[in-house]
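What follows is a set of structures to go through.
What follows is subunit A paired twice: with subunit B in the first complex and subunit C in the second.
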Partner chain A sequence: MKKNFGIITVGLLIGILSVLLVKLGNPANMGFCIACFIRDIAGALGMHNAAVVQYIRPEIIGLVLGSFAAALLAKEFKAKGGSAPFTRFVLGMAVMVGALMFLGCPFRMVLRIAGGDFNAIVGLVGFVCGIFGGIFFLNKGFSLKRNYSISSFEGYLFPLVLVGLLILAIIAPSFIKISTEGPGSMSAPIIISLIVGLFVGFLGQKTRLCMIGGIRDAVLFKSGYLLWGFLSILIAAAIMNFAFGYFHPGFADQPVAHSDGLWNFLGMVVVGWGSVLLGGCPFRQLVLSGEGNSDSVITIFGFLVGAAMCHNFALASSPAGPSVNGKIAVLIVVVVLAIISVVNSGLLKKEQG
Partner chain B sequence: MKTIDTCGLSCPQPLMLTKQAIAANYSEMEILVDSQSRCQSVEELLKEGGYDVKIKQNSESFSLIATK
Partner chain C sequence: MSNYIILFFAHAGAIKFQRFMRKMGIDCQLQPVPRRLSSSCGVCAQLEYDFDYRNMIDREHISAIYRKTDDDYILLYSCE
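For the complex of A and B:
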């Protein structure tokens, strides 16, 4: 229990901060959502034209820069890359298709459950199934092979680009699109979002917090460490939602959510499975990018392009429910994940000689 | 002595390779990891598996020498 004290404290803090961000203006049950926020950034940059989800979310910038600061201070910053970058890009796109089917990354799934959204419990069941799918291939030897040391500048470049993005968020030139209605128009003040993001990114680097890691490591190694992070975010956010009157249990009329159980389930199967193959959930990819991992940067660009594609091709769900295009995309993504899983595990070894 | 290089691999492969090595019951092995936090989790796993662990810091990695 003693060694879990740190991650429990951090989880509780993150849960509290997540609900405070909603109190200060973020969309309901969306104090944090890595998928939604990257999608909003894609919109702000004009990569898609869904007018209701366009905003440069400072939380994303803060998460990476917070992790970057923590890694530098701890002398853990190491520029690395070269572990199947394009496969990771495709996996990033795949995870985004699943997340925008469900309407949230694993982080928001936890916050949705904490807000009483039972659809997210259906999502959680899919998420756990997806993680088991990923674990099956890990046990068959799945690996995207190792990364290598690269020039430090490569590691500094993404945080630098995000500083540029932050400047764009602050001066808001006319070519940056900002929603005037819908979730994209709802946000905590920039400075608060940024500071909370920095703080959470810092703590995320210190604790290795990962939403798939909890369930994965509990299954593989009987280690509860990361699972405590997952659970403490859930508990703290639920208590805060009760306190602010945000807790509305049920399936119907949940904020930025739909109640099609099958597709909530399948969307999160994709997110869980894809995230295990990537070695970490979307939140963890942001933290790793701050530590100098350029494969995670490539993954994040996969999320970004995937999000733009989801809205340009009408794959993303809306509160009215999933789209036909989205359903087809999720099924295609399941096939893509299966191919990536099989090819990169030992299953084809005989053919490869 | 069996050497297992886990440097540069994504989570949770370093721990999985360690687990497999423990299952193979080598009496003496060296596990290379590339970060402090992984060093700790691999050490824990080895100790649970009944090994004595000595840690040596190299320029780019850590060596965990496990014996039983």
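For the complex of A and C:
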């Protein structure tokens, strides 16, 4: 328990801050959601035209810059890349299709459960099944091959681009789209969102917090370290939701959610499976990008393009439920994940040989 | 007999390594990488081995090799 003290403390803090962000203006059960927030940024940049989800979320910028600062201070910043970048881009798009079917990344799934949204428990079951699927291929030898040291500037470039994005968020020129209604119009003050993002990104780098890592390491190594982070976010956020009167248990009428169990399940299967193949959940990808990992940066751009595609092609769910296009997309993505998993596990070679 | 911690670029490398070591009759445990050794969330192998660690170096899969002492880790090999 003593060695888990750090991650439990961090998890509790993140859970508390996540609900405080809702109190200060973020959408309900969405103090943090990496998928939703990247989708909002895609909208703000005009990559899609869903008017209700357009805003440059400072939390995302803060997470990367917080991790960047932590890595620099600890001399752990290392620019690396070259591990199957385009496969990672495609996996990023795939994970986003699953996340926007469910309406949340694994981080928001935890916050939704903490708010009493039982649909997210269905999502959690799918998430765990997806992780088991990914682990199956890891044990069959799945690998996107090693990364290599690259120029430091390559590692600095993404944080620099995000500083530029932050400036756009602050001065809000007319070409940046900002929702006037819907979830995109609901936000904590920029400075608060940024500071919380910085803090959480800093802690994320220190603890290696990862939503898939917890379940993966518990299954593979009987190591509960990262799982404690997952659980402590859940407990702290649930207590805060009770305190603020945000806890509404049930399936129906949950905020920014739908109650179609099958597609909540399948959406999170895709997120769990894809994230194991990527080596980390969307939150972890942001933290790794701050440490100089350009493969994670490519993955984040996969999320961004995937999010734009989801709204341009009507793949994303709404509180009314999943769309037909979205269901077809999730099934296609399952096939894509299967192909990527099999090809990169060397299973085809064994059959031929 | 020295106690080694082997870090890998990817999970698959660790699994291959473990299978190879077990074929040679050497017990080898996989576990999460200790935080003080790396900020990556990958997997490492721990084993007791009485040959020269340089026999284990595999540039495609192994990113670092440490010798574990009672209270520290001594870096023996790093690919960088």
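The definition used in the following text is that the second predicted complex is superposed on the first by the 349 of 353 C-alpha atoms of A that agree within 3 Å, B and C clash if a C-alpha of one lies under 4 Å from a C-alpha of the other, contacts with A are read in each partner's own complex, and residues count from 1 in each chain.
One rule holds in what follows: a contact is a pair of C-beta atoms (placed from the backbone, for glycine too) under 8 Å apart; a residue touches a chain by one contact, two chains touch by 3 or more.
This one's a predicted model, so the numbers in the text were calculated from it and none came from an experiment.
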Just checking: does A:I41 make contact with subunit B only, subunit C only, both, or neither of them? Give me first, second, both or neither.
neither
Is A:A71 touching anything from subunit B or subunit C once the two structures are fitted on A? First, second, both or neither.
second
Check whether A:I190 is in contact with subunit B, with subunit C, with both or with neither, and answer first, second, both or neither.
neither
First (subunit B), second (subunit C), both or neither touched by A:M93
neither
In the overlay, answer first, second, both or neither for which of subunit B and subunit C A:L278 touches.
first
Go through the superposed model and pick first if A:F221 touches only subunit B, second if only subunit C, both, or neither.
both
Per the definitions at the top, what is the overlap between the subunit A residues touching subunit B and those touching subunit C?
74, 76, 78, 83, 138-139, 143-147, 149, 208, 210, 213, 217, 220-221, 223, 279-280
Provide the residue numbers of subunit B that touch subunit A in the complex, in ascending order.
7-13, 15-16, 19, 34-37, 41, 45, 60
Mind listing the subunit C positions that touch subunit A in their complex?
9-13, 15-16, 30-32, 35, 39-43, 60-61, 63, 80
Quick one: which bits of subunit A touch subunit B in the complex? Just the residue numbers, please.
74, 76, 78, 80, 83, 138-139, 143-149, 208, 210, 213, 216-217, 220-221, 223, 278-280
Spell out the residues on subunit A that touch subunit C in their complex, using ranges where they run on.
71, 74, 76, 78, 83, 138-139, 141-147, 149, 205, 207-208, 210, 213, 217, 220-221, 223, 225-226, 279-280, 284, 291
